[in-house]
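In the two complexes that follow, chain A is the common piece, with chain B as its partner first and chain C second.
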Partner chain A sequence: MPDGEYPEFYSFPPFFTIQPVEATKEKQLSLWNELIIQYYTIQKLNKILIVHECPLWYNKKIQRKLSKESIDIIMDNLIKSGRGEWIDTESKTTCRILWRKPEELATDIYEWAISSGNIAGGICTIYELHSGEDVHGMSFHGIDEDLLRRALKILEDDGKCTIFKGETSSEDGIKFY
Partner chain B sequence: MQSAVDTIEKLQIKLTDFAKKHQSDIQDDPAFRQQFLQMCAPLGIDPLVSQKGFWAKTLGVGIGDFYYELSVKVAEVCFATRTKNGGIMAVSEVCDTLNKNKNKNYNNSNSRSKKEQQLYSQNDITIAVKKLSTLGGGFRTIKVGKSDMIVSVPTELDNDHMEIMTLAAAHENGGGGQPSGCITVDDIKQQLRWSNDTGRIDRAISLLLNEGMVWKDDYHGISFYWFPSVWKEKMDIM
Partner chain C sequence: MMSDEDWSPFYCLPKAKLTPSGLIELDNQDNEVLLLRRSNIEFRHEGPTPMAPRPKKLSSSLIWKNRTSYQNLIITITTHRFILLYKNENTNTNTNIIDARFVHLSNVKLSTLVSKGGPSLLSPNSTYKIVFNTQTYDELTLVFRAGSQSGPRDDRDAAIIELKKALERKQWTVTARLQEKKLQQNESFNNSENNNYKVGLDRLMAKSQMRHRNNAQLADVALSGDSEQLLQEAVELLKVIQKYTVLIQKYEGKGDGGGDGNDDEAAATKLKGLLSDMGMTSALTPSQMSGGGGGGGKATLWKSRSNNTTTDQTQRDYHELTARQVADFLVPRLRKQVTHSGGSGMMSLTDVYCLFNRARGTNLISPEDLREACNALDSLNVGLNQRTFPSGITVLQLNDLALSAHSSTEIRNKIISICPITSLEASHILKLSPLLANEQLEEAERLGWLCRDINTSNNNIKFYPNKFITDCW
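Then we have the complex of A and B:
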């Protein structure tokens, strides 16, 4: 992320110490959530946070670094808020950042289907939904396939689409209603 | 005696004409506004309180309304940042925030608009806070070192808190151009006379922490206590 895009509080040294007072800590953790989501949203194609590699934990400019325990607290809070989920639930090293929750993505996809005329039209593939030309600039562009399938499952349960098996998984077809 | 009264009346009429003529300057130009208020004072006129009657008739939307609206905006800014700064915010920071917002709106609504300009002065903000203070709720300004701060919570700050805050504002953090706004227990012990009493320091610090006016920063085994309000002000100057 370019320097100017870091929020101001990222230069506030106490931001790197988990606050002893509950109300302040709550605020602090929600600011960390925003920062993580913002950071991983800019990296459009890979919304995966690897805990021991995440550059956010250390701000060289002010010489502040989160402790291991602090990182755990921040990650726990991220997961609880529904904005992140462990890919490896046991070892907890890799986290998928859900800058849109599956339910929100489902809404986005359905709105796109309406506005792009895909409703009651032809069938589009999974591949087209995450990497097709039509979805440029959409929230689900470049999205992880698992997550996309979860969003589609929500739409399917609502009777808003049907998923057909294709030759390969990314050729699975979707028809919107 | 009668002639003195006449003179005052004449001056009031002049002032009315003046106010009518320069209505838009009074509303839009902070320096002009301040001078106008200074002209009114010796004549016993406070346009800020005479919303009904004389000035409302003279100015249409009175200058009292101007400050009334401004004080609502000041309150909004203070409330919106309360969870981050515990309800303390520099007058200059509030002023900057409002001027930025206002300029943004101008630029959106009118593409040929004036370039960025100061619409509110710090003096305006202080007057607006005074208006708010009459409503209760604890709004007030306090002096911290060279800065004026707005407090938007009813929490009582005693002398100890004020001294700690003033010290933090003056404290240059290890040189190196780092912004000040932080303080350690040792700083307090060394620099404030009352501070051999550790219990007293702890009580002061824990109130400030509990109110969110101070954030804790553990660094190399030392606890630094930071005032977001002071830190923010220094950051903006840099």
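Then we have the complex of A and C:
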């Protein structure tokens, strides 16, 4: 994320100290969530946060760095709020950022399916859903395949789509109703 | 409160002036000194006619009662007056009404002062009394009821001794006499023949010689009396010291120039102001207060505390009195600090202890007594309260300047405006010790006004305005 795009609070020094007063801390942690999600969505990469590599913890401009304990608190809060989940639950080094929760993604996908006419009985592939030309700008564009499958599972459970096995996993087909 | 419906001896006495915290205000100008305080007093009058003034609100049912219905008056004897104090403590409404009335000792006829009463064969329940005649009120009676640990008899005896001493000494006439003497001296000096040919430095020398002589006299008198007299003479001695200081300043500043009396007086007044600012004129020990015999009053109080409810009351009285003294002493100082240098209206208990005892000079109070007194502060509504911070530091602070959710925006903005700031920097601005400054900042943080930044490189804590809450990010 270019310098100018960092929110104002990122250069507020107390932002890097976990606040001892509960009400203030709550607000602070929610700002951290916001920042992490924003950063990893703009990155549009795989939305995977590797704890010891995350550049957000250190703001060189104001010379402030989060302590190890602070990072733990922020990560715990992120997971608790449902915006992240550990890929390795044991060692807790890698976290998937859920900038949309699976339920929200499911809704997004279904809305896209309606508006793009896929509802009329056409079948699209998993690959098309996360990397296809039709989904540019959609919330699930570039999304992690696991997550996409979780969202589709929700839709399937609701009876809004069916998933067909393809030759490879990314060729699995989806039919919306 | 004494109602207008109540036409009794107490009502007819003039009101005594009280300090803002409800202590009796002594006439410092006239060197009035507290001598004794006893509780549970009843006040009676005996004479051919009721005492004046008659209450204005005249209802037909109003009849003169020659004794006041309140039997728990507190008597305070000073060198000039005896003051009766009525306290209405209503714990329900948290009001604390104090009514104090006095009789000037010049009104009391010493020759008629006698102690009466006490159980006898004929009247086993007779109370201990002091009876005396006055110039304007006919005969008055002070009845001593079981009030203190030492018993009403000792109370009565102690009181009559102090009253007699004060009446014999006639302290209220001393200042007037002194002034008169001074006037005469000045006149005699100005009229003396020597004066005619002594000018300039010579004249100054003669004048200072004269002063030396007077001061030597004063020192003689002061040191010859008993210790109590000494305490009173100390005030005079203080003046002498002040004079010397002024004299020194004058000579240093002006060389042999003609020192006129005006400078002298102005400087002396200023110095006196400074000195009286530091000190208080009188302070009673627990024993003078409660009637524990002689010195070591504190020790006896401690011993009997657990098994004697009367003593508990005395103890509480003493602490309340001390609390009021502390308030009288501290509130103006804190206010001054706030207006002059932007202080935050608080002082740590240890500082209070040092300054307060410094001001008392003699009759120092113990740390326990101060703690107890400060515990009593909150209920007295004297504008000062005690606060213990989570770290365990206890301070006394002005009620209206205390940080709280109800604080005015002014107080809130004041502390926000100095941010970002470390507690050390804040200690300069808030005129507090770094420890207290830190407490103050943390208090503001708890209230959500500030937030902190710990610089991991040097572990410095800096406080910032709490933009998390205010800036709607």
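Quick note on the criterion: the second predicted complex is superposed on the first by the 177 of 177 C-alpha atoms of A that agree within 3 Å, B and C clash if a C-alpha of one lies under 4 Å from a C-alpha of the other, contacts with A are read in each partner's own complex, and residues count from 1 in each chain.
Going forward, a contact is a pair of C-beta atoms (placed from the backbone, for glycine too) under 8 Å apart; a residue touches a chain by one contact, two chains touch by 3 or more.
Keep in mind it's a predicted model, so treat the numbers as computed, not measured.
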Looking at the overlay on chain A, is there a clash between chain B and chain C, or do the two fit? clash
Is A:E69 in contact with chain B, with chain C, with both, or with neither (first, second, both, neither)? neither
Touching partner for A:Q19 - first (chain B), second (chain C), both, neither: both
So, A:K27: does it touch chain B (first), chain C (second), both, or neither? both
Looking at A:D88, would you say it contacts chain B, chain C, both, or neither? Reply first, second, both or neither. neither
By the touch definition at the top of the document, which applies to A:S11: first (chain B), second (chain C), both, or neither? first
Superposing on chain A puts chain B and chain C in one frame; which of 4-12, 58-66 or 202-210 is the clashing stretch? 202-210
Chain B/chain C common contact set on chain A: 8-9, 12-14, 16-17, 19-21, 23-24, 27-28, 63-64
Interfacial residue positions of chain B with respect to chain A in the complex: 83-84, 86, 178, 182, 209-210, 212, 215-219, 224, 226, 228, 231-232, 235
Which of the residues in chain C end up touching chain A in this complex? 420, 445-446, 448, 451-457, 462, 464, 466-469, 471, 473
In the complex, chain A residues that touch chain B: 8-9, 11-17, 19-21, 23-24, 27-28, 62-64
Within their complex, chain A touches chain C through residues 7-9, 12-14, 16-17, 19-21, 23-24, 27-28, 31, 63-65, 67
